[in-house]
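The structures come next, written out as structure tokens.
Each of the next two complexes has subunit A plus one other chain: subunit B in the first, subunit C in the second.
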Partner chain A sequence: MPDLGLNIIFKGKNFARLLGGLGVALRISLIAVAISIPLGLILGILMTRKNPILKAILRLYLDFIRIMPQMVLLFLVFFGTTRSFGWNLSGENAAIIVFSLWGTAEMGDLVRGALIAIPRHQYESAQSLGLSPAQTQIYIIIPQTVRRLLPLSINLITRMIKTTSLVLMIGVVEVIKVAQQIIEANRMKTPNGAFGVYLFVFILYFLACWPISMAARYLEKKWR
Partner chain B sequence: MGKEDIEDIKEEGQQDGGQAMLSVEHLVKRFGTETILDDISFRVNPGEVLVIVGPSGCGKSTLLRCINALEDVQGGKILLNGLPVAEGGRKSPSVGTKIGMVFQSYDLFPHLNVIDNITLAPCKVLKKKRFLVEAEARELLKRVGLEGKEKSYPRELSGGQKQRVAIVRAMCMHPEILLLDEITAALDPEMVREVLEVVLDLARQGMTMLIVTHEMSFARAIATKVMMISDGHVVEEGTPEEFFTAPKTARARQFLNTFTYESVR
Partner chain C sequence: MNFEVIREYLPLYQEAAVLTVKLGVLGIIFALLIGLACALVQYYKVPVIRRIVAAYIEISRNTPLMIQLFFIYYGLPKIGIRTSPEVCGVAGLAFLGGSYMAEAFRSGLNSVEAIQTESAFSLGMNRVQAFFYVILPQAAATSMPPVVANVIFLLKETSIFSAVSLMDLMFTAKDLMGIYHDTTECLFLLVVFYLIILLPVSILGSLLERRLRYAGFGA
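On to the complex of A and B.
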């Protein structure tokens, strides 16, 4: 069996360092998620309004953020603002800003989609039964929107966790950066370390995202 | 009030057909510049079943939607027991619950099971006790052959079963009049039968109904009065016998001919 260099994972504090790196990645994504969800809800509701100017502005924001590679956004916020505006953002804060901007746009689009996907006859049959507009929202529209939305927003969370691997490019020491450092440090003694360490990182990401996507699948099935 | 005044009122009442439950007077409905319904007038007395027929796009469904205050109207009046059905663009709260409606598209609430679909409005709108409504709902479900489906979700039911639930849901609000808008148009023939049996049963119990349908043999069996609409006008009105055997207008004859086929052999 070829040497996979798995032994370095357990050498010294390597194991704890890798877990710490994953912690940084999860912290960035979860803070960004916590900001994105409420802002995304507001954005999505605003996007279903009829006002054409508001619609155009929000559409522009959404397309701009979604079409641009997240890495360019990270560089823009981290390096760009330092020189141009003199902001001294830490890598982590810059990452949280970028992922919140991105998450809000994605979440907003999901909310908009869920809202417009409610067929008109749901409103009409509620009205036919004599439900007031408020009762229609509370008992009919909101429960259906949440059911459509929850699995999709959980998927968004896993996407955000995965995409945080980009923040190593602006100097944040997250799990992949830690892995690189460990591989570098052991280059002489364990030249095959790359496979073992990255395999371990792969498993860590899997363990972080898998339960979340299982939850999404479960909810999707339950609320089909 | 003098004696003459009372006589006047009596006479007026008789002109109005006395106890008309629903009266539609000179109804006009436009979408933009297009006139969908042009000066429609008719009345429905308690226990009557009025079947409205006509070619697709003639305005039959729009008429039912106007009566249920789902559409605003551009002219005329729609009165239920003498009171307007709409108030400020919405169904009037006092009159609203007295009109029940079942649509062509299955309109059950997908996130609620059968019993919750039925009991929601009676509990929340009429503020009835849940156990009372539930008992009644179970009774009605049994009657339409859906015993044991109380906990099923709409997605687990066939189209015919969904429509029967929709009828039970409307009936649990105890409407005075029930509007059925092409409720079998999206169903397979066998399911059409099971749904129409339920409607026939309601008619036997004396339910006042307004039915839009393309099922001519059903229309003939259930109607106390048939009304044909074409291009937004009432073309012909009469008893089912008159309408189906000896239609007076050429337009009605032409329409009825579309349902029969000449043998090619």
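On to the complex of A and C.
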């Protein structure tokens, strides 16, 4: 049985470094989610407005962001802004900007979907019960929207975490990059280390995302 | 924007786009097959295999393609499974896409009510006939929008292939930017080529969805 590198994970500070790398990925995704959710709510509400010019602009933003691979967006912001505006963004900041733009678009679409999924008779019934427009929103519309939205927004967090694996390509030292460094450093003694270390990172990502997915599924079942 | 440069780079991007589409389509075909097989296993509740399929779906959906590709390309050769970058890309895409397609097909199959199968049986059809003439056509209609959404998602995910040194669009763009510093032109071409690949599928998807929503009206 050749040494597959499972032991180098626990050698020295390697384990802590890998967790630190995962921490960077989680930090970027959580900041981006924290920015995306409020902006997405605003975007979603604006998209249900009838103003055609506003609608066209938002549609263009939404469709462009959602059709482009996130990697292309990262390149556009990371390399493009340097050339066009002379900004010197760090990889991490570029990643946060891109994932916030992307998350806002995704969240906005979810909010819009949840809002238009509420049947008109809900508004009409509320009105016939004598509720004011504000009361209709607070007691009727928002509770129903939240029920539809919460599982989907939680899923957005896992998608965000998975997407942060891309920041490796713009030079951010996250968990896969740390794994590469560890494999390189141990190339002589453990030439087969890539198997064990990448397997470990694979499991780390799974452990980060799976509980969140389970929570989303639980809420979806409970609130159906 | 220097159009001289763009004309010069165009053939390189074309080549890369062909590779992206070729591997993407191959991966998607395998993903569809894996997804259909997994959905059927879950629909007919095949013992034991069903558990394996459920585990596969959880693993595949909760890990990024990037680490899946790294594991296949750099990890597996250490235990003797060596693949070319092309095979690795297709395998990774199929591994990732299989679970997404499985979920799409499963939601379609579950939307066909039990009475449909029972009616088919009472008309004297056997299981195979009931599946192909009654269940599948109805399930296919319901699964179509999520399947198209997954196709777009998987085509977008091909941008990660550059991580295993496949000469796809991302790789070409990064390579050219690194050598010649024509950043604006390179990024412009990158966006244009992805639009050429993705826009038709996206438009097809929204047309299809509108049509199916119409078909389902009042149901």
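Basically, the second predicted complex is superposed on the first by the 221 of 224 C-alpha atoms of A that agree within 3 Å, B and C clash if a C-alpha of one lies under 4 Å from a C-alpha of the other, contacts with A are read in each partner's own complex, and residues count from 1 in each chain.
The rule we apply is simple: a contact is a pair of C-beta atoms (placed from the backbone, for glycine too) under 8 Å apart; a residue touches a chain by one contact, two chains touch by 3 or more.
Computed from a prediction, not measured in an experiment: that's the story for all the values here.
Undergrad: For A:Ile8, decide between first (touching subunit B), second (touching subunit C), both and neither.
TA: Touch status of A:Ile8: no partner.
Undergrad: In the superposed model, which partner reaches more residues of subunit A, subunit B or subunit C?
TA: Looking at subunit B versus subunit C, the one contacting more residues of subunit A is C.
Undergrad: A:Gly130 contacts which: subunit B (first), subunit C (second), both, neither?
TA: First partner only, subunit B.
Undergrad: Now for A:Ser165: first (subunit B), second (subunit C), both, or neither, which partner does it touch?
TA: It touches subunit C, and subunit B stays clear.
Undergrad: Quick one: which bits of subunit B touch subunit A in the complex? Just the residue numbers, please.
TA: Residues 68-70, 90-91, 93, 96-97, 99-101, 103, 105, 107-111, 120-121, 124-126, 155, 166, 169-170, 173.
Undergrad: If we count contacts the way the header does, which residues on subunit A are in touch with subunit C in the complex?
TA: Per the touch definition, subunit A meets subunit C at residues 2, 4-5, 63, 67-72, 75-76, 79-80, 82-84, 158, 161-166, 168-169, 176, 179, 183, 191-195, 197-199, 201-202, 205-206, 209-210, 213.
Undergrad: Show me the residue ranges of subunit A that touch subunit B in the complex, using the header's touch definition.
TA: Those in contact with subunit B are residues 119, 121-122, 124-132, 135, 139-140, 143-144, 147, 223-224.
Undergrad: Report the residues of subunit C in contact with subunit A in the complex, numbered from low to high.
TA: 58-59, 61-68, 70-71, 74-79, 152, 156-160, 162-163, 170, 173-174, 177, 183-184, 187, 190-191, 194-195, 198-199, 202
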